[in-house]
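These notes are about the structure you will find just below.
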Amino acid sequence: MSATTKTLPESEPALLEARNLVMEFGTASGGVLTQKKSVFRAVDDVSLSVRHGRTLAVVGESGSGKSTTARIIAKLLPATSGSIFVEGEDVTDVSKDALRRFRRQVQVVFQDPFSSLNPRHTVDRIITAPLDYQGITVPGGKRRLVKELMERVGLDPDHSGRYPSQFSGGQAQRIGIARALAVKPKLLICDEAVSALDVSVQAQVINLFKSLQAENGYSIVFIAHDLAVVRQIAHDVMVMNRGAVVEQGSRDDIFDRPQEQYTKTLLAAIPTINPEWEARRRMNEQRVGAAT
Amino acid sequence: MVSYFLRRLFSVAVILFFVSFLTFVIFFQLSPDPAVMICGKTCTPERIEQIREQLGVNQPFLTQFFTFLGGIFAGRSYGAGEAAIHCAAPCLGFSFQTSQSVMDMIVSRLPVSITIAAGAAVLWLLIGVSAGLISAIKSGTWWDKGAMMFALGGISLPNYFIALVLQYVLVVQLQILPFPSTPDFAEDPLFWFQSYIMPWSVLAFGYASMYARLTRANVLDTLGENFMRTARAKGLPPLLVLRRHALRPSLTPIVTLFGMDFAGLLGGALITETVFGLNGVGKLAADSIGKNDQPVIMGVTLMAALFVVVANVVVDLLYAFLDPRVRIKA
Amino acid sequence: MRHDQKGSIPANHLLAVTGLGVRFPTPKGPVDVVKDLSFTLDRGQTLGIVGESGSGKSMTSLAIMGLLPKDAKVTGSILLNGSQTVDRSDAELRKLRGDSMAMVFQDPLSSLNPYYTVGLQITEAYRAHRNVSRRAARAVALEAMAQVQIKDPQLRIDQYPHQFSGGMRQRIMIAIALCCEPDLIIADEPTTALDVTVQAQILALMADLQKETGAGMIFITHDLAVVSQVAQNVIVMNTGRPVESGTTEQIFSAPAHPYTRALLNAIPRLDDDLEELKMVQEFTRPKVTPAAVTTS
């Protein structure tokens, strides 16, 4: 599989750039003493760059290393090899202090909502945790910020005293989103951040991402399986399969002119509603629209 | 795994070095001149100087410290020439009071402390963990409330108070137990058991209370986990759900705590041993503090530190063994 | 409502839910997270439940499984194979769980026990209901893992959940639910973490299994295209209440309720380019009330 990469015209250093990332996991099987060790390469020579104010979507097979790549660039997992640059500066091995600054700029929304929320903390506390960790004070007070964030992701602010277990899957996911937005990151990494949301709430969250992006110029790495959503939010798209990058390019390149077979297969497999039903519904809709 | 282990061993050595340095500073440098103490009331300046020389306390501080460390690893001699006294390899010096080797004193007292700690540990684990477990499963019932009241008592009542009350009631009034002492197990097992049961219980009470509360909290947390729902959704028998899915996540953190607590006690259960007059390491420490017997204090402190630091490593390894998420990373 | 159109006796249905309500006490008074929900499901059929996030879809599933938190209060009736499951003792329900009804939970990582290998977590489900040896159960687990498209199951079976990717964990949840060939499968967003090709394979697997065993399925999802493909009937939910139900064709070609219409209009499409994605509120006036603030 040869990766087709269209080099993008570069005028300034990318916000985040990763070069030749490799992640190998030791896969031990058997008992503690009778372990058989082998190495499994989950991320295989992945390079990517996230431009200022842009959204890079990562799509691909389940188990192809998307989340692992995300954890590496968020510096939550040390890569086996490869390097990471933020605005041209090498941050592959940095001091604790620099890491703290890095964390302030990068926030992650994790794939499994409940596992990333402390079950013993109220939503209030969860959302403000990164602020406390960073020692950031909020002008209007934390309470107001929590209320505002909850509203913007479509949660009832009256529920800020509840615990994660009292929320639905999609609501828990939005708590994670609100937490990530609390510190106004420069880079937001969303690992399947809208997969548990109905299309309407999903639209609300994506519009929020887009409008914040327009306001603050932050960048997004957006991992998702829903290609229609990806098409709405992404500027650039990276397709992964078996740990490696299959194809990388601008949104229109990938969606309209895919080069690799895997990408074509992926696009062809998008489930659709029976077009006949769709047509009938649209006709009805127009009739109703005309009547009122 | 091997390199991890070596790294840990190195850090153990570093920690012990600093602990010994600190205790050395505190006990030898900041306390009254031992020569004056040893010399007693009728004493001449020459005599004091002589004793100083023999103890080596007239040397510069660092030299003293390294001589002390050297004594631990290679043994050392006190005094010079004919009058020199040799002290073999793990040498912690001699007691100012009794002139016995500190190492010998500690080693001879260790079995008592181990017996006390081990017996108490069995009791507190059995009682604490099962009480916590029952409380959690029957949370909100009278079982739960009763056990937690009891546990609150165990935490808030001081050890020595319980010890004195028990001794008064069981030994003095009812006379169903002998005064605690430290007999040999082999000679008379029943008497051995009767002598130790009170110290065990007193020591275990506080710990059991703490462990009961902790177990209860952990089990309650685990019962609320989503994977417990999955286990029930599979239709597993309730006891299996509890034993397999709830117990292991709840008890793993307790293993860590237990290792540290137990190791701490090997360094002597100071209060319990003193109150019951049992000649363990804890009583030795208490006595030597009272008499400002610096080499003994120093020796006991180092020994206790060694236990705790080693336990720390053991516990970490054990934790990695018990929690696959940690194990696979290491 | 579509249920009991034929006026048939409930015993004919695999599952008949009537007037289901789920209520939680909260400091601000009781909250009805599910209210007045009725539907039936026949063998071999799939019922899709779609709707707002937080509208009570998962709570409905848990009510059927008898796995709601202790403080939840369930009202109404749930007949599984003609017998009532509401208010049945946990011991009786236990025999049904896993065997007669199984559930794929929404959040796979937290729904798997981090302390045990996925192999054990699959086999224990199988062995709870089948009297088989450890080895036989392992063979079943290996096959189930292969069926849900996990590569190299021989190696994977002895790994722990944290060593899997999100989508692989989700497929393990599916393997656990399917291994005992239950009569009723409740799949709560079973394919959200799967790419479209693996998703297609998993959906095909579930359909095959349904054909083979005649299992009925409740399929909860936000992916309306998927539901239109797998379900014969659909319920649309909003704030704890069903707003519309009918055959899939009805719902997708002639939605009656404004919320359903708005939901279908809000689906992002591959072929148009929007500055802003559409929310339901833009299609419906008056605005739909936010989730679960209905106090009674």
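When the chains are written out, they are named A, B and C in that same order, and each has its own residue count from 1.
One rule holds in what follows: a residue touches a chain if its C-beta (ideal position, glycine included) is under 8 Å from a C-beta of that chain, and two chains touch if they have at least 3 such contacts.
Computed from a predicted structure; not experimentally measured.
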Pair joined by more contacting C-beta pairs (A-B or B-C): B-C
Farthest chain relative to chain C (centres taken as mean CA coordinates): B
Per-chain CA centroid nearest to the all-protein CA mean: A
Rounded Å distance, chain A centre to chain C centre (Cα mean): 25
Separation of mean Cα positions, chain B and chain A [Å, integer]: 50
Distance from the mean Cα position of chain C to that of chain B, given in whole angstrom: 54
Per-residue overlap in chain C, given as positions that touch at least 2 other chains: 107, 110, 163
Chain A: positions in contact with at least two other chains: 114, 165
Contacts with 2+ other chains: residues of chain B: 225-226, 328
Complex interface listing, chain C residues touching chain B: 62, 65, 67, 90-91, 94-99, 102-103, 105, 107, 110-117, 121, 124-125, 128-129, 160, 162-163, 173, 176
Complex contact set, residues of chain B against chain A: 221, 224-226, 321, 327-328
Complex interface listing, chain B residues touching chain C: 225-227, 229-238, 240, 244-245, 248-249, 252, 322-325, 328
Residues of chain C touching chain A in the complex: 24, 26-28, 50-54, 57-59, 69, 106-110, 151, 155, 158-159, 163-171, 188-189, 192-200, 222-226, 228-229, 249, 252-255, 261-270, 274, 276-281, 290-293
In the complex with chain B, residue positions of chain A that touch it: 26, 28, 32, 114, 119-120, 165
